[in-house]
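Next come the structures, one after another.
Each of the two complexes below includes chain A, the first together with chain B, the second together with chain C.
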Partner chain A sequence: MKKEAITSLVARRSFLRRIGAAAACAGAVATTGALGVAKKVAAKSKAASSGGSFPTPDYDWSKRRWAFGVDATKCIGCLRCVEACKTENGVPLDASHFRTWVERYVYLEGERNARIDSQSDPRNIAATGSGKEYRFDNRYKDAKVEKAFFVPKLCNQCEHPPCVQVCPTGATYRTKDGVVLIDHKYCIGCQYCVQACPYGARYFIHEKGVTDKCNWCYHRITRGMQPACVEVCPVNARIFGDRNDPASPISQFIRNNRVQVLRPETGNAPNCFYVGIDKEVS
Partner chain B sequence: MPKHIVRLISLMVAGLVVALIAKWYFTDDSFYRFGHFRADSVAEIAAREPAFQTPRYCQSCHAERYAQWSANNHKTVICETCHGAAKGHPQEKAKLAIPADTRKLCTLCHEAMPGRPRTQPQVALDWHSGGQQCIVCHNPHAPKLAGVVAAVAGDAAAGGKKHAASCASCHGAAGISPNDTWPSLAGQSAAYLVRILGAYKSGDQSDVMMSPVAKTLGDSDIQNLAAYYAGLSCKAAPGEAPTDDAAAGKILAAKNCAACHGETGIGSNPAWPRLAGQKSGYLVNALKAFRAGLRKDPMMAGITRGLSDADIDNLAAYYAAQSCEPVAQAGKTP
Partner chain C sequence: MEGLFAHVAPYVGYVYPNETDIPWTVLIVVYPYLTGLVAGAFTVSSLYQVFGMQRFKPVAHFALLTSLCLMLFVPMPLLLHLGHPERAFNSVITPHVTSAFAVFGYAAGFYVVLLMLENWFVFRPHIVQQAQQASGPLGWFYRVLSLGSYDLSDKAMQYDRKWIFALAVIGIPAAHGLHGYVGFVFGSLKSREWWSSDLMPAIFLFSAVISGTALLIVLYVLSCKLRKIPVDLACVKGLAYTLWGFFLFTLVLEGVEFTSLVYRGREGIDIILQYVTGPLLVPFFILQFGIGSLVPLALLTFMIWRGTTGRALIAGVTASAVLVLLAVLMMRYNVVIGGQEISKTGKGLLTYHPLLFHREGLVAAAAVLVAPLLFLLVMVRLFPPWAEAPAVSAPPSRHAGAPI
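And now, the complex of A and B:
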């Protein structure tokens, strides 16, 4: 036999041996897997059959249709909502992560465009001395102000949310009661949703590698409470309730006011209704 | 079919089956239950514990504070807006924050600022408080100053007897002082009289003449006297003729005093004294005493700090020259 032929035979034998070992391993995995699969089948059939109210025993999400109202004519820009939201939802205490925020629009005499700032503006952060507390500085105290107002902003919980459309993993979704939630276990941190949201409502938590945003304090509203920002607002500029109930504050707010939504042209159909804002607010 | 094609197709089918099984196996049980998401995550999010507990939670222990707060202007501002979230209180967090710097806290809402609605009560910090903390004058649970007005429920007739016995010799038989240094009391606000007599009695305020007299008065005496003086006519007090000083005083008064004591010395709030028609010598002494810190009142200390002797003379002349209210109104205890 030639020397080359012997070498190729040796190589073939070692290859077959390796294949054999791999097959044995696969077999072992398959047996344990089969046991797991059997358990899994049992679990899945059980999950599918459990009925009753969802997501909690006392709360049925198919009975509610939540909506939010903002009366900008009442807002005084005290930013209690912003601080309360951070406490309630464990939002990082810095000047760049907010589930809800407040913008100030100021038209000075002789100027065509509004000057806009929010609580995260460096001068407003300097007014408190830290990024953990928030207040608007009084920079327009001596200016000739033609018109000025504050606009609270938050997630609009759109009827057709673009953030949900772009999520590749099903980590963000719209509930039956009309709130867009984020499943942090399934979020892979790709931030497509952050870019898709035309309102800038989403932010990224670098420490956890997940996105986050306002969910109207879902843990509160499912307990029959108001969202934290609505609760602490001293002037009732924020209104929340169930549109299925004609007597709820939000139903009355929408019925008794001329309301508008932000960026209606996007077709997202937001569920935050505003009163008292200029067209410049978007 | 050629053998290698069959092998290829069967390999693809096997791969597909493995992929489908893997997907079925690795996908969470609750995924697809309601849609393209994990249904269990809804319950997980809903299970978080709320941090803000709402006033009803606070009421269960702090019923008295709750009653006061819910009856006053700040009733739309919940406890936790100022004191912070009550989660864990009182079990883990024994005490919630009691904001120390009220000039910082209150101005979040009440600093005069373009963009705030006109209906929102706002103050220009530069002149409003004279650098004092807000709680010196305002009770945060009942912020309107009317909330601290002393209650008056005295018997005017009994007060009249006490007056004749203890006070008439200096303050005049009808509550109109016979000289320039002692104040007239007729028509004075009853709530103010109760407060100021109480202060003389407790020693918060002292005066060579007044302190010994006030210490002999009982609480009911004070109530009766206040009711008596408030019901007297102040008309007999001769309004002093306006002078050049008074004109200058009017400008000063509009800037410094009118917000509380009224433009003509008749303030809207019964907690503060009426100045119209008061003796000018008494007003000068009182203002100087506030300025020197002999009479202690944080509001008045701030206001009088910037006044010169001439300013004080002008102010006193202006208020002394104002006519006090008609009898019918002066008799009312608001």
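And now, the complex of A and C:
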């Protein structure tokens, strides 16, 4: 009996020692990895993706640097961009899911702050009562308006996207050409990215259990077409193109205007450039 | 038209259209609450196992078992929340190292293993005894659990104690790291002024310790009543001291965080002030700070000052503990839900209405909170954690300090 007990004690000891050795090895690996990880976790890390292959033939994503321009002085708030986007990208037809939206800023006489609404405001939704068509209602027709303008919004495809930084699986990533994409087959639907985006560009598709957002119509731009919202804009308020090409509309837009980005203090470095926005726009 | 507003939370002012669908529900309130209770309960057990505080002996093993039972349920709220729970392991298989969430699988996994090991060592004498005595399925259960080791000699016990000590020492940074990281999940986001704070991990950590201690007080007193045995006054007093001390730290940290948020007065502070003095008045100032914090703090201070003892001490400390549990739950709610009710635009406020019967509804959240306690009820029968039970009871002699 005693001998048996000692044998079992010895066996247990050796087992535990082995566990200890394994833990020590893991610790050593972790320490060496820590230095590399520290560099990677900084918000200023490089694009998560790499490699030159792409499913669209004849498209090389290392040759492009896409960017978007918004000339708010031209926007008339017709909302054709919003309608086109919903149709083109199969965005849920309701009041809480938008890849792009338009904000209306109205300063009334004697008021210090702008009154702001977007097409998803209940009164504006009621103007058509449909999830396919959107209108701004005419609520200011009898008011004394001092200043008013529209601001189209969409995903900024940031240089340092906080949504990519926080994704636990890497389902959302930044491509070589500068667009932030989401792999719907890998997304676990935690919505951490929705929280991290300061611009409110991301949303959750309840039916699919994954998050989604504007990707500048990646399926179109990689085939030489314009994003749907750019194509339908009747006043050229939306400008799109390749910054690697100096003659592209976006390169000219950035060159010929003094452009701004939204929330530069976040360090996200957006790739949507704005002209004609006011201090209250963020 | 109704369908168009299916996911739209009511709001005032201007909020981004996509924000009206509130991402994190009441389940994400439960998640940090549970991890906090785990860390807190583990801290109490460590006060005995590592720091040799004898007065915590009556609850030391119970605390460890409580910690394990709670920890096993920590992933539940997250899994219920995920759009694709079946893909949850993606974050472990291909972790995206820049994400605070990617650490969760590893941190939680490591901690569960650690808790299981420590519990196994602590309850080994009981397991061995039952394995030799019990028959039928229960006997099998203990025999499998004994892992073939029936040695209870002094030498083996001493060896076990070494392991318990080592695991408890590793467990302290593991438990606190796990919970500090939960605070980081919120504090590291720059998109919300209400969350973005360097103090968030520390606040989460200290409130975790007080919530775990408070839960132990309530459960211990309740268990004594159920077992019809007298409550160990020294133990309750020790827990009260622990609660009181960590409570002061928590309140100072929360106060500093809120004060500097208001004092810095960055963009969006107007809407935050409108929020805390409006919709948050009751949950924040009355429930969390008033009834949940100031009342128990005053009560505990009074009892410590007056040297209250006997039934009055037990009643007072238990009442304080219940209030602290409420305060910490409200703190989690006010952080998680509050952060989302303040619009990222800094120009609007949303209102979150939890659903009742839904995968992420109130009933589900309550079930996730109650389940570990029911599990604990079963576990205390299988592994009696009370001091008189034949468990490894003395901490390593070289670390045993005088009763404090």
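To be clear about the criterion, the second predicted complex is superposed on the first by the 227 of 282 C-alpha atoms of A that agree within 3 Å, B and C clash if a C-alpha of one lies under 4 Å from a C-alpha of the other, contacts with A are read in each partner's own complex, and residues count from 1 in each chain.
In this text, contacts are C-beta pairs under 8 Å (C-beta built on N, C-alpha and C of every residue); 3 or more make two chains touch, one makes a residue touch a chain.
Keep in mind the model is a prediction, meaning the values are calculated, not measured.
Colleague: Quick check for you: in the superposed arrangement, does A:Y186 touch first (chain B), second (chain C), both or neither?
Modeller: After superposition on chain A, A:Y186 lies in contact with both partners, chain B and chain C.
Colleague: Once chain A of both complexes is superposed, is A:G170 in touch with chain B (first), chain C (second), both, or neither?
Modeller: Once the two structures are laid over each other on A, A:G170 reaches both partners.
Colleague: Have a look at where A:T222 lands relative to chain B and chain C in the superposition and call it first, second, both or neither.
Modeller: first
Colleague: Give one of first, second, both or neither to describe whether A:P162 is in contact with chain B, with chain C, with both, or with none.
Modeller: second
Colleague: First (chain B), second (chain C), both or neither: which does A:N138 touch?
Modeller: In the superposed model, A:N138 contacts chain B only, not chain C.
Colleague: Using the touch definition from the top, say if A:P264 reaches chain B (first), chain C (second), both or neither.
Modeller: neither
Colleague: Is there a shared patch on chain A that both chain B and chain C touch, and which residues make it up?
Modeller: Touching chain B and chain C on chain A: residues 37, 40, 48, 170-171, 186.
Colleague: Using the touch definition from the top, list the residues of chain C that touch chain A in their complex.
Modeller: Counting only chain C, the residues touching chain A are 1, 3-8, 14-21, 23-24, 78, 81-85, 87-88, 90-91, 94-102, 104, 148-151, 153, 155-156, 159, 163, 185, 189-192, 267, 340, 344-347.
Colleague: Would you mind writing out the residues of chain A in touch with chain C in their complex?
Modeller: 5, 8-9, 11-13, 16, 37, 40-41, 45, 48, 93-98, 101, 103, 116-120, 122, 125-126, 129, 131, 153, 162, 164-171, 186-192, 194-204, 206, 208-211, 266-267, 282
Colleague: Which residues of chain A touch chain B in their complex?
Modeller: Chain A reaches chain B through residues 33, 36-37, 40, 43-44, 47-48, 54-56, 59, 61, 73-80, 84, 87-88, 104-106, 135-136, 138, 140-141, 143, 145, 148-150, 170-173, 175-176, 181, 183-186, 215, 217-220, 222-223, 225-226, 228, 231-232, 234-236.
Colleague: Would you mind writing out the residues of chain B in touch with chain A in their complex?
Modeller: Residues 21, 25, 29-31, 33-39, 41-52, 54, 74, 76-78, 80-81, 84-85, 108-109, 111-117, 120 of chain B touch chain A in their complex.
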